[in-house]
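Here the structure is laid out as structure tokens; the discussion comes afterwards.
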Amino acid sequence: MTWIVRNLWLIPALPMLAAGISALLPQRSRRPAAGLAISSMGISFLLALCAFANALHTPGHQFFNFNWLQFGDQSLQLGWLLDPLTAVMLVMVTFVGLLIFIYSTGYMEHDENFTRFFCFLGLFAGGMLGVVIANSLLLLFMCWEIVGLTSYLLIGFWYQTPSAAAAAKKAFITTRIGDLGFLIGMVWLYAQTHTLLFYNNGGGSLEQMGIVSIVGQTAIPGISVLAAIGILIFCGAAGKSGQVPLHVWLPDAMEGPTPVSALIHAATMVAAGVFLMARVYPLINYRVIEDYIGIGTPPAVYTPLQVVTWVGAITALFGATVAVAQWDIKRILAYSTVSQLGYMMLGLGVGGPAVGMFHLITHAFFKALLFLGAGSVIHGCSGEQDIRRMGGLRKYMPITFATYGIGMLALSGFPLVVSGFWSKDAILHAAHNWSVSQAPFYMATLGALLTAFYMTRQVCYVFFGSLRLPSHGPVSHDEPHSEDTRHHGAGHPHESPAVMTAPLAILAFFAITLGFLGTPAWPWFQSFLEGRAIEPTTHEPGLAAVMVTSSIIALLGIALGWLLYGRRPVTTCDAIDVLDRAQPQTFRFLHNAYYIDALYAATFIRLTRWLAHLSNFFDRFIFNGVVQLVSFGVLALAWLDSFFDNYIVNFGFDTGWRSISLSGRALAALQNGRAQAYLRYIGLALVALVIFLLWGVAR
Amino acid sequence: MTLTFLIIAFLIVAGTAAAMGFRNPIHCVLALTVSFAGIAALYLELGAQFVGFTQIMVYVGAVAILAVFAIMMTHRPGDPETRIFSRNAFVGVFTAAAVFAVIGWAILKQPATSAATQPASVSVQQIGASLMHDYVLPLEIVGLLLTAALIGAVVIAMDRKEDNAK
Amino acid sequence: MTPLQACLLLSALLFAIGLAGALTRRNAILVLIGIELMLNAANINFIAFWHYGPQPSQTTGIMFAIFSIGVAAAEAAVGLAIILAAYRHSRTTDLDKMNSLKG
Amino acid sequence: MIQTLDQVFVIAKHWLMGYVPSPLQPLTSAVLSIIPILIAFPLLFAITTWLERKGLGRIQNRLGPNRAGFNGLMQPIADAIKSLTKEDVVPLTADHIVHFLAPLLLVVAAFLAYSVLPVGRNMVLANLNSGVLFFFAVGSVVELAVFMAGWSSRSKYSLLGAMRAIAQMISYEVPLVLASVVVIMQAGSLSTVEIVEQQAQYTHGLPHWYIFTPWGILGFILFMIAATAESNRSPFDLPEGESEIIAGYYIEYSGFKFALFFLGEYLGMFATSGIAITLFLGGWSAPLAALTVVPSWIWFFAKLLALIFAFIWIRGTLPRLRMDQLMNFAWEFILPMALINMFVAGVWRFMAPGIVRWLVCAALVLAPCVVLAALLKRKKKLQLRTYSFAE
């Protein structure tokens, strides 16, 4: 086992350490905090590169396990793991994280809680990396929860604004619902396989022994235990990476600072769900199981994959549709994130982890790019987030415009150039070849079209047309740090400082190039991740067709967007949207995200309220009444008892005490307080004793 | 029952009696040292060299000096040494006599056991060995006890500021 | 009378004298000294039994004596310290005057 | 020839023993071994007084005794005659018996100490297998004598002197014993003879003296400091500081008793020096294998004189300490160092011989030495000392 594998824990440990230190730093020491976080992240990045290199020349799973708890005869083991999946994720997370850290030094420079911010960021990075390297479902779950916590803290970073606090709570609770499923699944898995390690020389829960010990049992008719566990774990994943119906928290999470949105809610954390599914893929994939046990598998076994696929497809379409009708620049991106995550799940379901992960990586880069671009825009427009109030910014912030455009192209899958095209194309291709049903393919295609469309719409709104920014305009209420940023020229926007634009440029570079790692002509990424050589699939039937379709779709979407928004640029703030004019109801419906929040409010939340009232009533009147009754009874008894005491018992005791004290006084006379007198008594007693003993001996 | 034994016994008994009987406490302590020395001599004669020297070192060197110091600290030139014996002392004397009578009777009543087959001789090396092997735990405990006694003695005898005040 | 009995008698006498002193002297320090003498009597017994005992080659008796000497030293130190403290409290070492230990 | 010269006294003794009847032989042998000590060391005492006064004179840049005899060589004899012919004054209120017993006890104890000193090959009075212990036991008797002297002559000065002396002796007896424990640890024996025998071996010319080891050096230094304090010599001569309490506990003595005290003091000094030689400087063994031709007893006395000269030199050089300095020095420096030294000796015992062992032990010895010295040097403000029982 090489050095890097043994010390893989350093990678998450460093940012955590930095976080811990900067938590102790005084609030005013901004520079040390930022320096700590960035330097630790940099070191982690270098280490991650080492790990990547290691994984390159030794494929397969290298792990390091150790005993954590020992109860009775069985022990709970934790450990970390280095395989292509981990390596890729490590590099991605550390790199994007590093860039975003640097970016946020510029973005947050006017915030008075700078230090706290970086403390949270470091903690988050540590947790995320922990999730990535974990070789035990338990360790993964712990880090998973740390990540959830930090996301809560960061969304509610500006807790002064009630909306932010509410959003934080919402995110926390919603993900918690998913995590409950995750937890149950984990416990069940442990109960079945007696280990939570993924890989342990064949003994892990993802390896032959573990799988074989589960497969074949059925939990409820039609679903095997394995499937049930898979679905439960998927609940956790869905909660984290905002799949329908647990997506509701993700758009609201945009209350947090933009770097946070970029880092947590676009690039890394939301991807954790996808990563988790990729990690436990053997559990939910029937092929693997076939490999392990040569029998033909019951159809129940791969229900989880179907679930993943369908949920992904639905989410993809849903997110895309909703994103069409948003005004807030960050909300658009948020919904597009939701839909992209749907794509990943879909790809995972239909094409295995390689496809999903590939899209995850590319998406991480260009989505981070988009968010940071949005952040730069917001920064430049002094806290404005409503795209209706922007416009014509390409003159004012060219770099941002260029990078943002690249990101937009990547996201909307502009053919052959950008990375998004390749990854999305792989997903579409896999979906097309899916044996079960074609529906996901069509949904995905429609989603792709919409994606291209709404991105174009957004870009047109933001960068083209005439500047609609009101001079020191009504700063949008949900950006509290605008008070800090306002002082540099509200009214006319300006380009952001280099510390913010440099990361944009780097990310843009990767947003383009990264795609060529996984083209059908040269599927290096897939083969690396699968650990086996995959021959180029260019000659496969349908590939060309799919590719052409997707490119046409993308171009079509862009063209449509340009047609609707670009050609006749929007001039005034309150100009009604084209779609709105065309289909008001639909637009409303979409704008409010299918009224799902309202639905939840009407059903779950009201139910909970009602239950709370009910229990309150019970507590107050029924239980409390009983308690009161009992207490009255006790009081009565006590009164009776005290009467008895005073007039019957005490009398007897008093006489007893009197006699005892008399005798005591009599004895006290013997005790004259001279030590020697006591010694004499002792001596006499000794004599008596010895005489008695000797007498006993004599007779 | 040799001559030396008789001499030593006389030394011990005389010293002890003097230590308990003298009027001046300092003289008592000096007499006490005599009897301690006699006991040490007895040990030597019984072949317990190490114990004998330890006896001299501990008792003559330390305990006696300690007692002398204590006496000089608590001895006031003012008070005359009247009535060195406490009231109804005869009870004590009687008790002591009774104890001696009983024990002596017990000793003499026992059948005369045979003396040692070979002359007893234990070298210092043996003592050290058994101190370090069989008796290491008691040794440690005694060490702990002595430390505790040292600290305790210092703490008790230390003069506190409030005592100085009055 | 065998030598062993002689030794035992001697120690018994020593013990008795020490006891008498401890019981009769008024000076607390001398009482303490009496107690020390009694301890020494016990030590003489140990050594005597070791010397005249069945196997004098074993060090048990010696050990007993050494340990009891150590304990006696500790006892003397603490005792004298206590006496000093008591003296500081009630300006006397006369046991007849120190009779506050009364019920 | 060399053998006979080395063993001349032993041979002489055996020759004399030949003439006494066998029943008396044990007694005579004892007497015959005691007498030389009774002669040799008082003689040495006489020489030393003269040496000391001359040496001090040299150091203080004046002529020492120079009247009686050539360079005042007859001075000791003159002193002896003077002190013998003086009147023996005893204070009226003194406790006569104790006052009389004190100097005797002192001298007797001092002489007893010599019975375990091997002054030469096969030249020891009593080869006890717990000789070192015996030496210290006897040494502890001296305190009693000092106390008797101080207390019996009803005088404030003498009482104060006695108190000081006893406090000092008790404080410095502990480090004295602890410093010699290291040697016992190494030699694995309490018998002085055996300790010397072990040091009297040579590897390519050099002897196995314990002073040639780190703990040995430290032990020797500590031992000598403690010994200086034990024998109440400058710079630890508070008990008899002429400038404060004229002569300390024997201020009320005069004439021959005074001389006896003097004798006792010096004998004690010789005895401690002798035991130091026995423990650290290889007793009667020659410093080089080649020099073994010189009789052993000459070596012993040569070393003794060297140490005495060191004593004199120190006395002429160093100023007197203050009481608190004295006590602090004892409890804060010497005692911890002695304990550390024991630890180092243990390390030495269990490490493989070689230069590494030497360096390690040296480091172990030096580091705490420096630290403790630094600690000792820090200034503590002097406040009014409150003696709790002096009312």
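A few comments on the model shown:
Order as written gives the chain letters A, B, C and D; numbering starts at 1 within each chain.
Rule of thumb we're sticking to: contacts are C-beta pairs under 8 Å (C-beta built on N, C-alpha and C of every residue); 3 or more make two chains touch, one makes a residue touch a chain.
Computed from a prediction, not measured in an experiment: that's the story for all the values here.
Highest inter-chain contact count (C-beta pairs) belongs to B-C. Using the average of C-alpha coordinates as each chain's centre, A ends up farthest from chain D.
Averaging Cα coordinates per chain places chain A and chain B 80 Å apart.
The centroid of the Cα atoms in chain C and the matching centroid in chain D are 33 Å apart.
Averaged C-alpha coordinates put the centre of chain B at 28 Å from the centre of chain D. Taking each chain's centre as the mean of its C-alpha atoms, chain B lies 5 Å from chain C.
Shown for chain B are the residues in touch with two or more other chains, namely 50, 54, 62, 69, 73-74, 86, 91-92, 95-96, 99, 103, 159, 163. Each of residues 388-389 in chain D touches at least two other chains.
In chain A, the residues that touch at least two other chains are 674, 676, 679-680, 683. The touching residues of chain C, when paired with chain A in their complex, are 19, 22-24, 31, 95-96, 98-103. On chain C, the positions that touch chain B within their shared complex are 1-10, 12-27, 29-30, 32-34, 36-37, 40, 43-44, 47-48, 50-54, 56-57, 59, 61-63, 65-67, 69-78, 80-85, 87-88, 93, 95-96. Of all residues in chain D, only 95, 98, 128-130, 133-134, 136-138, 140-141, 143-144, 147-148, 151, 163, 166, 170, 173, 188-191, 386, 388-389 touch chain B in the complex they form.
Taken in their complex, chain B has these residues touching chain A: 86, 91-92, 95-96, 98-99, 102-103, 105-106, 109. Residue ranges on chain B touching chain D, taken from their complex, read 26-27, 30, 33, 49-50, 53-54, 56-57, 60-62, 64-65, 68-69, 72-74, 123-125, 158-159, 163-164.
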